[in-house]
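Each structure below appears as structure tokens.
The following pair of complexes shares a single chain, chain A, combined with chain B in the former and chain C in the latter.
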Partner chain A sequence: MSFRVRGRRVRKWFFGDSARAFGTLGVLLLALLAIVPAKDRFREWLGYQKEYEILIRGRTDGVALAKRFQSGVQQIWLPERDVTDRCMTCHTRLKETSLAGVGQPFRPHPPIPHSLTEFGCTICHRGQGVATTVEEAHRSTKAWEEPILPAQYSEAGCGQCHRDGLKGTPQLNAGRVLLARYGCVNCHRLVSPEGGASQGTDRPPSLKRIAEKTTREWIYFWIKDPQAWAATATMPNFGLSDADARDVSAFVISQSSPGSIAPAVATNDAGAAAGAELYGESFCASCHAMQNAAGKITGGDLAPDLTRVGSKVRPEWLAAWVKNPAAYLPGTMMPHFRFDEKQIGLLVSYLGRKQDSYFPANIRLEPATAAQIAHGQKLVLEKGCAACHEMNGVARPDNFAPDLTAVGSLPPARVLLAPGVPRTLPDYLAAKIREPHAFGREMKMPRNQFTDAQVEQLVTALLAQTSRSQTFPAALRRPTPVNVTYQPAGRAGQLMKDLRCLSCHSINGTGGSMAPDLTWEGSSVQRAWLLDFLKNPNTLRPVLIRRMPRFNLSNDDASTLADYIMTAYQTPAFDREEVDATKLTPTEASRGKSLFYGKYACNSCHIVDPDNDKGYIGPTLTQAGTRLNAPWIFHWLKNAQALRPGSLELNWNMNDEDAWAITAFLMQQKNTRKPGGER
Partner chain B sequence: MNSLYSRLRGTAVWRSVFRSGTGDTNLHRSLTVQQNIFLHLASVKIRRRALEFGVTWYLGTLSMASFVILVVTGVLLMLYYHPSVPQAYADMKDLQFVVSAGVFLRNLHRWAAHAMVVLVFAHMFKVFYRGAYRPPREFNWVVGVMLLLLTLFLSYTGYLLPWDQLAFWAITVGSNIISAVPAMGAKIRFLMLGGHTVNANALLRFYVLHCVILPLIAAVFLAVHFWRIRKDGGLYTGDKPRE
Partner chain C sequence: MRLRFVAALIALLAIAGCHRPGAPAAIAAIAYGNAIVMVSGDHQAAPAGATLEQPLVVQVNDADGNGLAGARVEFRGSGGASFYPATGLTGSDGQLAVKVQLGSMAGRNSLLAMSRDKTGGRFDLNGAATALGYQQVLGRELAEQHCARCHDSRSTAERVSNHDNLGVTPHSLDDGLATNSLGTADLVAIIAHGGAAIGRSPEMPPYSPTLSVSEIDALAAWIRIVAVPAYGKP
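Right after this comes the complex of A and B.
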């Protein structure tokens, strides 16, 4: 009761007549308007700047830090690069290295080759540069679709412009290698700004003559789950049902053109033992892996796993293949070993016994019907098998899968949702790579078994696919490395192609990375040594397993190759014959010896005296005098990187006198004894 | 107090500014209103009844108040806004993130615009259901309808100016609707957008319409509207005029 009376009195005081009501409302409105300057006063970034001032107040270098600190909104404005970044309003002192270890937002930026003020922040990190609130600057909103890149994908920022591998971006580089190695780019177009489309490095074999090579049962087993056959297989899993795999295998066999199958080769157990020896001597394991008795996979990863090859290929095909691989598959990486008939028999005996007793017993396929073959063909078209494998009667599909050229700029609004996947681009890409079928059973994309680290690498490489660099002024654009394909000429060129030298070695920017670069080999070595090495290779580095196979070259072929290498692969920097004899005196050599063991401590990595030296990292130099040319050693000591970019040799900045002295010392080393025993 | 006021009214400066003289008669009172450019639209006399809330719900006054707020905030916003393709959206962002009270300014303009559309409609309904459009006020009803259309045009042209996706597609859809006009639809659309798509020319045209042409026309119609209220016998109260 009293409350109601009081209430009535209060109401009368405030709203009793129109003048009072007007006054009351006016005061209320004024109070409401006071929110405006108050909100201005308590802006988020002002809080961070105050926090920074408190942080540096207690520090010994506080005065200097305070002097460099600028309060108020800070921005980097680069109109020609479309950058207005106000990140430094809260991230106050990105260049203050003494603040390392301090939490965000005051942590200094790690050192990078770019100036922060020339590039700003959002070009690499994304996010909304103009924003001055944490939420708006970092996260995706309706008004800004490009959220900040999560820290683990930072390297994607570099990859937008740098299409060649940078030293500081291992994750990005690895991701790009995976995209090519697992054949992602066979289905997806991925074009660099200058127009070159990425090419796969997985080399999927042609299936045009597959019936000569293997059986329908093996194909059935393989396409159902390639990784079950070989863990290293790069072919993805399409999740085929038993019936689908039966029909696809039926079609694949039926499209194979009837080839001439060579007569079977006689094999025996004794041959198998000798074949194992030949397999080792020929260094097949440099490229092929095999599971040993302990179940451990050893060998290279350039070529297929051979653990169960006997259950996979027909012996008559294997014999023909080992004899000359290019006759079956012209584009193969495998060299043409010059095996004789007896050696071929031994290898086939050995490899033919590499069988899986479980596999053939468990697969029984009835002869295929026409309907099954037709259904198999339909599946082959649907799954895009011909995007990778050549087949008779099936054309390679164009643009089979979505173009990934600008996938890194896909706005979150256009990202498809799968249950349990956050709506961000990196999460979407990772989920799609891990389990494509989570986005629908009918999804064409197959699944590869990638580790978490590999998924992260792939996502980094995909996030780098933006077109941002295209908007930059020409002076800032990075040219895309051009894919040069070098092919040596003439008879030696034919020989090198036949031996597939470029599968392992690189010359003039083309070739593999397993073995040393041979671009300037002619300047480096002496012909006699090279000829000897081609006929009977051994390793130069004690810590490395020897991997160069013996190709059973004839004297004629070996000297043709040696002549070509000596003539064609010379650096224009110096003449290998031009030796100043006065520099290579015994006195100089003894001075060089003391420099070798003393000032430069070359023996940390190299061996000259096989009994006492313990340098196992660099090539052994016991034969340097017969192997290398003096000017090469001299220039190598001066600047090894100029001769072989990426060499582990340190940059010594050596003066000419010291370099010649060490050269004189090394040219004395003509030891013929094998260093440290051959492994 | 009163004598001070009357002495002030007698000074030469006052007399030069206000031409209505110093008397206290009804004539003088009416002259005070009539001789003043700002007041001459208003009635000399007004019935106490007409000022009651129930009569009008103050809807006309509130519409006018929204218009005033829109003009004031709009002019302030013009200080920050460039009607150009690369700059327009960036200016929104600057208002949002760095201009003092920029968000308040923009939101005030936006909400006042929404309020004005609602209030003008409500005003019209109130007039309609109370029968205030009947003679002698039928012309002022027509003026009011013109003002409603002007309000909607102002709202529509202002919608494009933030130059975001919402704006772009709204105007795209809207201009496509216009092209459905028989015979000359495509021509009108071309004239409105200054081209075939919503682009820089459309932005500029909408900006000029929104900030200059439509407000001026609205001001003229408002003047006529208020003047006609006086001429048509003051606010309609619904009461029988006293004999």
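Right after this comes the complex of A and C.
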């Protein structure tokens, strides 16, 4: 039987006469009408809600849970925050803490400082809030552009509003530090909603006088692979070929102004040994690292690694630098140490012998040709060297690299593809940071050697840069604390600038974090002690490795500084001279002693009696009576955090009687002997 | 006929297209041990979804208790923990190190390493890792800043331990034997009001004016989640 015959019979059966046709159409219409409720009947979320009802039915607290359960599509609608989230349709009881331990989608949300109903879900987690199917809500489809944020980048959600270094988001904070420390923001713009662009903290040196400092051979070696020179180098690797490095080094030397070359310095081996001692005494290692005999890098990370500095810099430059760093680099963080000529000779003898046998024996460059220099200049422009380094005749390029202000909202369609990299934004960002050249040899972006953890931190910080973060109402935003640029005034101010006090100490919100905040130092200490300390610093904390350098200050300079600190850096909270003698009696002191060792167990962290006390977290208090002012101790015991926010000292909230008693006890401590040695 | 050929070609291409070249080939054991032991990497904590800082290192031993090379170890985890690689052979020292990525939910992830002996009998090793939620990450940061100098006996260059200088030796914060018996209210009270408040050493100072209520809760949450043995029912 042919198809045609069969078709005719079927048609006759269904539509043979008007009654049959009517009946057939009626049945068809009914079937069509039934599709809508049927589709509703089998919605994915209904299944989850049923599952939830079954789950709570078997529980002892089932009745209470059932009472709080609302069926149907649930929605959090916050028009002013652009939130329409139906997540709680399936994630039925995000707030039922008693359900901890059950599987998804019924798990309660772990505790966070925000109310779910005030913020919704997608602000932090992304995904499609309005969707009510698993696929559309969580994953990226053609119609939806924002998949759920993988859990390891959760802190990116916080970072959209919090630019204030929230304590609970270490990964985000570390990523932001890396963006500044590795100079990413020198090329990429990253603007906060308040309008400020992020600034690098890497301080790339000016190259305008580089020929005075080093050789073309060293530049060649360095730009090919900075980390091969020093593992801690923050300059990235541009993947230059030998020829490219040869030409860039030729150009860098050629653009340098000749400058005035200082006379050569006589060095000798005996001087090197004495120079090593001076290096130690001057606490150069507080900022500079060096590889020790065991191959371990020890020292600070504020300044360049000096392991092979003798192969890097010219001895006559080193001598001039140590003499006064700001003469070569006005913006340097390095203090002016006031070394005399003999001391400079010792340091140059010591540091000049810190050489690498490989270098420069294995690097020989023929004199550069004009063509090589021209090619070098072309490369310098192409690679954007002047985005970081000042150079003669090369202007700082504007908008050299893509703006990263809203990189966290980059739609998947604009994510580049590389072999083996999944096409998601976090994977793309991670791959781009790890190996920029995987996306094409012509990519300008250089490569840094980041660990896996650092890449995750950087990606977290970048994912926080959403377009939404730019439009949040000001009331929600927690901006970076305003970066005030405090500069002390007058002659003492000049001196403090010269000594670069603010490289390590912070005053009035400006400065480094290596050393104590000096904002209220004048209220805290006694002038005689301060003067002595400035001339001959020692550590107050037995366990601290870092120590303040000795600056070889003249008596006059030291006393100018001491006067200024004592006058300018006083808290308005109390008067340091106002001491009630009746509170500081020997009786009170002996009561204070028992409080110190008993009720408050201060000796857990502080040493008063060097022979018996052991705690060494806080400063040694053997000289508290000659170092500190009594009202400072009193107020410190009551509320230390108000005087120095972030201090390790607790807010004891001590009552006045106890605080005065302990103050009396500490003011008796005038022992000049330090633990473990003579003063 | 041609139609059938084209259809077959399409089907073949489809199958070839579906085959993932990156799919790991099955790893066969070269040697069979008798026991599996933990070398390092157990009981680590990291934020949910993160990769543990240290790899999980296990060792397969032969009957004499010596490390056995070439034994096949397979890893499985609960709570969404995944392993890279998930299956591998032990090295010449009998050890195998794998990276562990935690699940995306805060909570304890159990880590299971399995191997087989000559008869095909399975032997296991159980480990654990902790995926931290926001509150516990905050707790960890606070503990590092305020507590670790005394409660952690290990010293680093940046943070020298005060542990051995104290009259009463502080418990390690992950010491479940010490903390699990304390109710959460007591734990919070010790942190907030100091050891003296519940008749313990005053060397544990009161943190309540220094840390906020939610910060102290975060510390308690951190102490609870890292406790070994684990706190409460798993």
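To be clear about the criterion, the second predicted complex is superposed on the first by the 596 of 679 C-alpha atoms of A that agree within 3 Å, B and C clash if a C-alpha of one lies under 4 Å from a C-alpha of the other, contacts with A are read in each partner's own complex, and residues count from 1 in each chain.
Here is the rule we go by: contacts are C-beta pairs under 8 Å (C-beta built on N, C-alpha and C of every residue); 3 or more make two chains touch, one makes a residue touch a chain.
Predicted, not measured: the structure shown is a model, and the values here were computed from it.
Chemist: By the touch definition at the top of the document, which applies to A:170: first (chain B), second (chain C), both, or neither?
Modeler: The answer is second: A:170 touches chain C but not chain B.
Chemist: Hey, is it chain B or chain C that touches more of chain A?
Modeler: Chain A has more residues touched by C than by the other partner.
Chemist: Touching A:130 in the superposition: chain B (first), chain C (second), both, neither?
Modeler: first
Chemist: Tell me which partner A:84 touches in the superposition: chain B (first), chain C (second), both or neither.
Modeler: In the superposition, A:84 contacts chain B only.
Chemist: First (chain B), second (chain C), both or neither: which does A:73 touch?
Modeler: first
Chemist: Please indicate which partner A:152 is in contact with in the superposed arrangement: first for chain B, second for chain C, both, or neither.
Modeler: Second partner only, chain C.
Chemist: Once chain A of both complexes is superposed, is A:37 in touch with chain B (first), chain C (second), both, or neither?
Modeler: Touch status of A:37: first partner only.
Chemist: Tell me, which parts of chain A touch chain C in their complex?
Modeler: 101, 104, 107, 110-113, 150-155, 167-171, 452-453, 456, 543, 545, 598-601, 604-605, 614-617, 639, 641, 648, 650-653
Chemist: Which residues of chain C touch chain A in their complex?
Modeler: By the definition above, chain C touches chain A via 47-51, 53, 101, 103-107, 133-135, 137-138, 141-142, 145-146, 149-150, 157, 160, 162, 165-167, 196, 201-203, 205-207, 209-210, 214, 217-218, 221, 233.
Chemist: Within the complex, which stretch of chain B touches chain A?
Modeler: Residues of chain B touching chain A: 90, 93-94, 96-98, 100-101, 103-104, 164.
Chemist: Please give the residue numbers of chain A that touch chain B in the complex, ascending.
Modeler: 36-37, 39-40, 73, 84, 86, 128, 130-133, 136, 143
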